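Below: one structure, written as structure tokens.
When the chains are written out, they are named A, B, C and D in that same order, and each has its own residue count from 1.
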Amino acid sequence: MEKLIALLVAAPLLGAAVLLCGGRLLDRVGHWLGTLLAAASFAVAVVLFTDMLGKDAEDRSLHQHLFRWIPVEGFQADVAFQLDQLSMTFVLLITSVGTLIHLYSVGYMEHDERRRRFFGYLNLFLAAMLLLVLADNYLLLYVGWEGVGLASYLLIGFWQHKPSAATAAKKAFLVNRVGDMGLSIAIMLMFTTFGTFAFGPVLGAAEETGEGKLTAIGLMLLLAACGKSAQVPLQSWLGDAMEGPTPVSALIHAATMVTAGVYLIVRSGEIFNAAPDAQLAVTVVGAVTLLFGAIVGCAKDDIKKALAGSTMSQIGYMILAAGLGPIGYVFAIMHLVTHGFFKAGLFLGAGSVMHGMNDEVDMRKYGGLRKYMPVTFVTFGLGYLAIIGFPGLSGFFSKDKIIEAAFAKGGAEGWILGSVALLGAAITAYYMTRVMLLTFFGEERWRHRATASPEEPGAEPAAETRGGPGGHAEPHPHESPASMTIPMVLLAVGSVFAGGFFSIGDRFVHWLEPVTHHDHGDSPLSAATVTGATVVVLVVGVTLAWFQYGRRPVPVVAPRGSLLTRAARRDLLQDDFNHVVLVRGGEHLTRSLVYVDHTLVDGVVNGTAASVGGLSGRLRKLQNGYARSYAVSMFGGVAVLIAATLLMRAV
Amino acid sequence: MSFPLLTATAVVPAVGAIATAAVPAARRTAAKWLALLFSLATLALAVAVLVRFDPDGDRYQLTESHSWIADFGVRYELGVDGIAVSLIALTALLLPFIILAGWHDADPLETTSSRWRPTQGFFALILAVEAMVILSFEATDVFLFYIFFEAMLIPMYFLIGGFGDRAHAGSDENATAQRSYAAVKFLLYNLAGGLIMLAAVIGLYVVAGNFSLQEIAQARADGSLDMATNTERLLFLGFFFAFAVKAPLWPLHTWLPNAMGEATAPIAVLITAVVDKVGTFAMLRFCLQLFPEASKWATPAIVVLALISIIYGALLAVGQRDIKRLVAYASISHFGFIVLGIFAMTSQGQSGATLYMVNHGLSTAALMLVAGFLISRRGSRLIADYGGVQKVAPVLAGTFLVGGLATLSLPGLAPFVSEFLVLVGAFARYPVAGVVATLGIVLAALYTLVLYQRTMTGPVKPELAKMPDLRVRELAVVAPLIALLIGLGVYPKPVADLVNPAVEHTMSDVQKKDPEPEVEAAK
Amino acid sequence: MSATAVHSLWTMAAEPVDKIDAPKIEYGQLAPTLIVIGAAVVGVLIEAFVPRKSRYHAQLFVSVVALAAAFAAVVALAAGDYGTTKARVAAMGAIAVDGPALFLQGTILLVALVAVFTFAERRLDPAAHGNRVDSFVAQAGAVPGGAGEQAAVKAGFTTTEVFPLVLFAVGGMLVFPSANDLLTLFIALEVFSLPLYLLCALARRKRLMSQEAAVKYFLLGAFASAFTLFGIALLYGYAGSVSYGTIADVVDGTVETVDPALADTMGNDALLLIGAAMLVMGLLFKVGAVPFHMWTPDVYQGAPTPVTGFMAAATKVAAFGALLRLLYVVLPGLRWDWRPVMWGVAIITMLGGAIVAITQTDIKRLLAYSSIAHAGFILAGVIATSEDGISSVLFYLGAYSFVTVGAFAVVTLVRDAGGEATHLSKWAGLGRRSPLVAAVFAVFLLAFAGIPLTSGFTGKFAVFKAAAEGGAGPLVVVGVVSSAIAAFFYIRVIVLMFFSEPKADGPSVAVPSPLTTAAIGVGVAVTLVLGVAPQYFLDLAGQAGVFVR
Amino acid sequence: MNPVNYLYLAALLFAIGATGVLIRRNMIVVFMCIELMLNACNLAFVAFSRLHGNLDGQIIAFFTMVVAAAEVVVGLAIIVSLFRSRHSASVDDASLMKL
């Protein structure tokens, strides 16, 4: 059975290789090939899953050792896979959502002449992501980690001729690199501490290790997670990442890649358990981010950016949960899965809307679209209800559990975290309602108004060939083709029922327990209270949004807004800070260093040469051509010679 | 007396050089093919060496030893260990690509007279360099090594100064001046280093009485030859200085950007991927073996210099406006990594450093050669003159990106393996150094991606609209390199197995052990 | 000095002197010298009696044959172990026949042979009035540019006297390093100096400079030889004899018979030290060591280039030979006095020569300064005071002299309307115009710079090695530093030749006759052979490393 | 009469000659000064010869005279030819080559 594990990675990898190397002749079938291989990977996953269910909980984890990768004395890195329940969960999520989004992209990217390459990149991403979650040691995980980074870089910058896209891609990669630094340092620490970096030994030996070391490792892992999962302070890249095609945003920047950080932390649970300080840091990061993202989400008028903000905040929830330790791990993963479904659905919905609106992204130029694209409206709506945690839908169960666990953390910490989580839930309800209202309700603000033409940055040039001449004069909203709607529907189903399915009889908890271990914290509030509170804040948030956007017409041009709004629009000034401190400072540093290199380092050498030359020029003057002066020098010379000789005898 | 394989690997290119130089002026193409042929023959011999070499056998294999200059106690002594073998393989491997890439770099301008035969000279000099480099990898006699270490400067010097980058070439006086400035700078820096080393070599002879690396190392090991601490340190510094100039270590690096900037791309590759490796290789083979104590004494200072090189080189690379100078500074940063690995005195560090030499050769070759193709199309080295290339020449852009990703050592590509080994090795001995060096990977990403973004992405510059994509010859150069980068990234074990035993010998020379992990993890 | 001693002198002098027995000369062992001198005399006779038309060929024939024969004689002597086991003092203690002497004589003879080829070159200058001309003035006496000169040129006069002059000079040089008493030393010095003074004055073009060079060389040379002579006088005064052996004994204090007068002067070290210093100064002048070097650039520049080549090579060989013998045979007992001084001289010579050369603009002056720097390197070997030191110096001299002759021979080829184009700016782009010549010259320059695989490197290594073993490590360091500086200007010339665009009105490279070609060829061959496979010659020098006493 | 005084005289003459070489401009005079130095040497030789009571010194003196004569021949030849072409016998005028 474990022989199949490699296939999971191999299939999409093969696809990537073929699609990227195979020339134009693949242009016509490329996308289907890619989708097929993604589906194949999913099939394998299902097979493995059923097999796993067949075994009993304890010996479900599979191992496959492919080959010895880097052997240098004590440093032994293998290419080996470990498939346990945790990995399985991710594999299923990744392959299923991935396949759906491949399908979606077939329609979405229909008119892009570089579609083959797009699918190549998607496959590459799948392979890397699967490698990430299947690796049985941190170094191999690191490979996948950077691999998904590369894929995301390529896909964000897929429309490279848009400077904004290229910049966003570069930014994403760089910020991630900062996180990667953390991961690699963590691995080095593990090597020096444990002499290995394979999950088994490291996590096994975590208990009998000094807390200091573990805290260091933990913090480094957290840094990595922040980078990949767009957590404060490394969150700035996610918003810009929306420059990429919408399917990419759905798959990579909502459902899967950005959750890798959560996977890392949960995977390294033993380390964090033994390092409370690191755990605290994790929870703080999570809490801060979930507010940060939510606030940003409220202010954005760009539908994708708004969703991106919400992604940040949702992952904040997961990180928070992961930081809570054994009481939270399971719920973190659970929320991760449900979020995977509904957020992917939301993004696809957004994509579908843009598709119908000539790639207009400004929600203020939408409105009343429900009757033009019903399917989109329904699926999006369900996703919306799921994310705000409408009772009975996925988000409700998973998020509720997290809030509960936050309170269960106990003490002042518990209270703070819990209330933050609640507040976040309220804001979530607010901004999602806002998105919903702006997009599908209210009067049709797009009438008699030209929309963004692909020439101007920000428009998705997939539309270039669409609409035809004058097509940008006024959008004609229409439902998207089946290849796009089907995935949306399926995801909607997932986002409605997944949560309930998991929670009934704590299926999910039992499923993951062997890996992550679970214990019920004692919450100061009863579960019922918490649930009630969540529902209350939910209602508050929704009504607030309705008062603001539902009742009176929405101005097409965004009002100046309060200070907070303006800050939020600029991602709470994060970028400005980066720009001033890092970019500017870096520029000055490099410029001055170039100067130093030229004048100082090089100057010293040239200076020496010059001074020798000058000396030479001066000594030359002694050779003045007068025989008598030569004679003088000889005479003086002999005098010195004699004097020296006598002196030598004297001393 | 078996067939002298090692001598053959050096003789073949040398003969090739002479033969190429002898080709009459009119038959330029013939000269090119001849050179290519000989470089391929050398590659074949190198492969033979690779096959004949047994990693777990004696330390030095395929040895040859003949008396040469008895008066100076100099013997013609050749022998290779795993490190040397891998570097010889690298050299022999890169040369055909360099020749192929430089196919048209030396076609004479119309103005020059018929007696001036640049093309023949160009390829002959390249082969001459190859011969000398290979010999300096093989020599186990200090004097013999020194001879070729120095002599290779001369052909290099003519290659740099005589065949400038077409981006500025022609009769432009200013360009000529810059070029000869670069060439002279290269020569004087290295010559100065070499002469200081000469003093040390003589000193070594005075102390040891002969030049045989093995004998001296042996004598050092069993204590029959003990140097006064200060003597050893002075000699070490003499040797190290020369090597630090050759493998540019801050602050002796400034010749490299000029040289690489002014030389044609293939020659730039020859400099940084092949010739400079002799410096780092010699640190590993001579400094550590001959002067173990002094090496340990100097380690902290050298580690600091290496760190400065890493960060400094990367930052300057970010600040460059000239594509080739950017790559040059990137190389300086990478050489910092190599030196760091060598002087971390851990087996990971040193194996990593050796792998790094090989991988850096491949990655820089890929990046630099593609950059050369790009420059040859537009006729400018300034980054600002490019933009949107990927739209008109996607393959070129793609290969360039892969080269760049290799340079920032992306996992899955060969450089990652070596870089990570170096980092781990350094971290195990000097955690702070390891962390500082890790900053380098962020900066590497910065300068690589900025370069890619500015040249390849964005709207297409009108001048570039008609730019052709990679031609078959160029693809034939780049594709194998990329294949190797990926192959060695996924499965570096063969090279590692080749190198590890040699590194173990070196470690035992300096009597260093890898630091033990604190917790013995449950295996 | 006590009166009694003086009185005893009187009485001694009053006694009748016993009759002098006839000297016995080992003609066989002196053959090289005798052959050359004899040929020189023949050459003079040829000038006197052979018709002008056929003089050139006769002279050339005689000189070449004589030099070849002399070399053969040297080889024969060496083969007869006179260099090693049978080394002896000949001609009543006037001449030493031993390893160093034979080695240096052999070198001098070969260099002279090659130099004579360049002397005889008649293809480079455009033919004047239909008859080929060499680089020597038509009639030395005629006023430059005067009617007399034109008439002489028209008549096709040529100064074939140069050949006997060279032979005389060579004769002196052969004796110089093998002289075994101070008188012979002085005579030999004058015998090879005077012809050189004359040769310097005989350039066909730029005669004013040529004559000026001669005057400077002559006046300063005479000045120096006066010091030398006084030094000899003082040494004679100290030791009561001019024979090396005796003086050495006296210096060591191992002399057997000490009469009161000698005892008196022996007590007076001032005589010894001052005398030694002056004598050494005379030799340092000849080798062109700082601060006695200042004649070198001017004379090298002004003299006819073939003469410069000969002078630069052969004089150095002879003078260093003599210096070695003086320091190793006569003054070893004084080692602790002269070594520090020599240190100083060597250092300033190496640095001074290298530094001043950087800013030179005339190729001949450049080579002059480089020769000064090289003198410094050789001095480092002299200071070693070991057998290795001797042999390394011998080897260096051999290597260096051929490179020098070859280099100057190349200089004669590069010409424009005004004769040889010696200004560096004229050499720009030579590599483009005539790659072969440029390449050859580059080889010589690299040898000067001491790049491995050339004779220059081997020699430099040998010398520095000897010095280091002789405990002169710092000197070696100074040596490498100054060779780094020196490298700069050699490289400059190469850059000029290869990397700079040729000037439109640049000089042309004349096609030489086989004579010069041969000279250059020999130079290149020796340079490369001594660079790649020096073992045989190192052995030779090694065997020749012992002085007879 | 103490022969040592002759040595002092010789040294004096030598010094005078040397000074003359350094300060006089006319080539002929300079040359004569050199001759004076040579003769100073001769005096020294003779004095020493008498001091030591062997004849070497006196013989050397003869050699020196011959050498001096030869020098005169060569020297005058050169000087005269230079004088002809320059119409000046000043040492300092002959300074075409410098630096």
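Observations on the structure shown:
FYI, contacts are C-beta pairs under 8 Å (C-beta built on N, C-alpha and C of every residue); 3 or more make two chains touch, one makes a residue touch a chain.
No experiment lies behind these values; they were computed from the predicted model shown.
Two chain pairs, A-C and A-B, are weighed by contacting C-beta pairs, with A-B ahead.
When chain centres are defined as mean Cα coordinates, D lies farthest from subunit B. With centres computed from CA atoms alone, B is the chain lying nearest the middle of all the protein shown.
Rounded to whole angstrom, the centroid-to-centroid distance between subunit A and subunit C, based on C-alpha atoms, equals 81 Å. Distance between subunit A and subunit B, defined via averaged C-alpha coordinates, is recorded as 37 Å. Per-chain CA centroids place subunit C at a distance of 24 Å from subunit D. Note: centroid distance subunit B to subunit D, computed from Cα atoms, is 65 Å. Multi-chain contact residues of subunit D (touching two or more other chains) are listed as 18, 21, 30, 91, 94-98.
Chain contacts: subunit A has residues 609, 620, 623, 625, 627, 631 touching two or more partner chains. Within subunit B, the positions touching two or more other chains are listed as 188. Screening every pair of chains for touch gives A-B, A-C, A-D, B-C, C-D. Taken in their complex, subunit C has these residues touching subunit D: 1, 3, 6, 8-9, 12-13, 17, 140-141, 143-144, 183, 186-187, 190, 194, 197-198, 201, 207-209, 211-216, 218-219, 222-223, 226-227, 229-230, 232-234, 236-237, 240-242, 259, 261-262, 265, 297-298, 301-302.
Note for the complex: subunit A touches subunit B at residues 67-75, 139, 142-143, 145-147, 150, 153, 157, 160-161, 163, 165-167, 169-170, 173-174, 177-178, 180-181, 184-185, 187-189, 191-196, 200-202, 204-205, 208-210, 213, 586, 589-591, 593-594, 597, 601-602, 604-605, 609. Note for the complex: subunit A touches subunit D at residues 620-621, 623-628, 631-632, 635.
On the side of subunit D, the complex with subunit A involves touching residues 18, 21-23, 25, 30, 91-92, 94-99.
By the touch rule above, subunit C contacts subunit A in their complex via residues 215-216, 219-220, 223-224, 227, 269-270, 273-274, 276-278, 280-281, 285, 291-292, 294-295, 297-298, 336-338, 340-341, 344-345, 352, 355-360, 485, 488.
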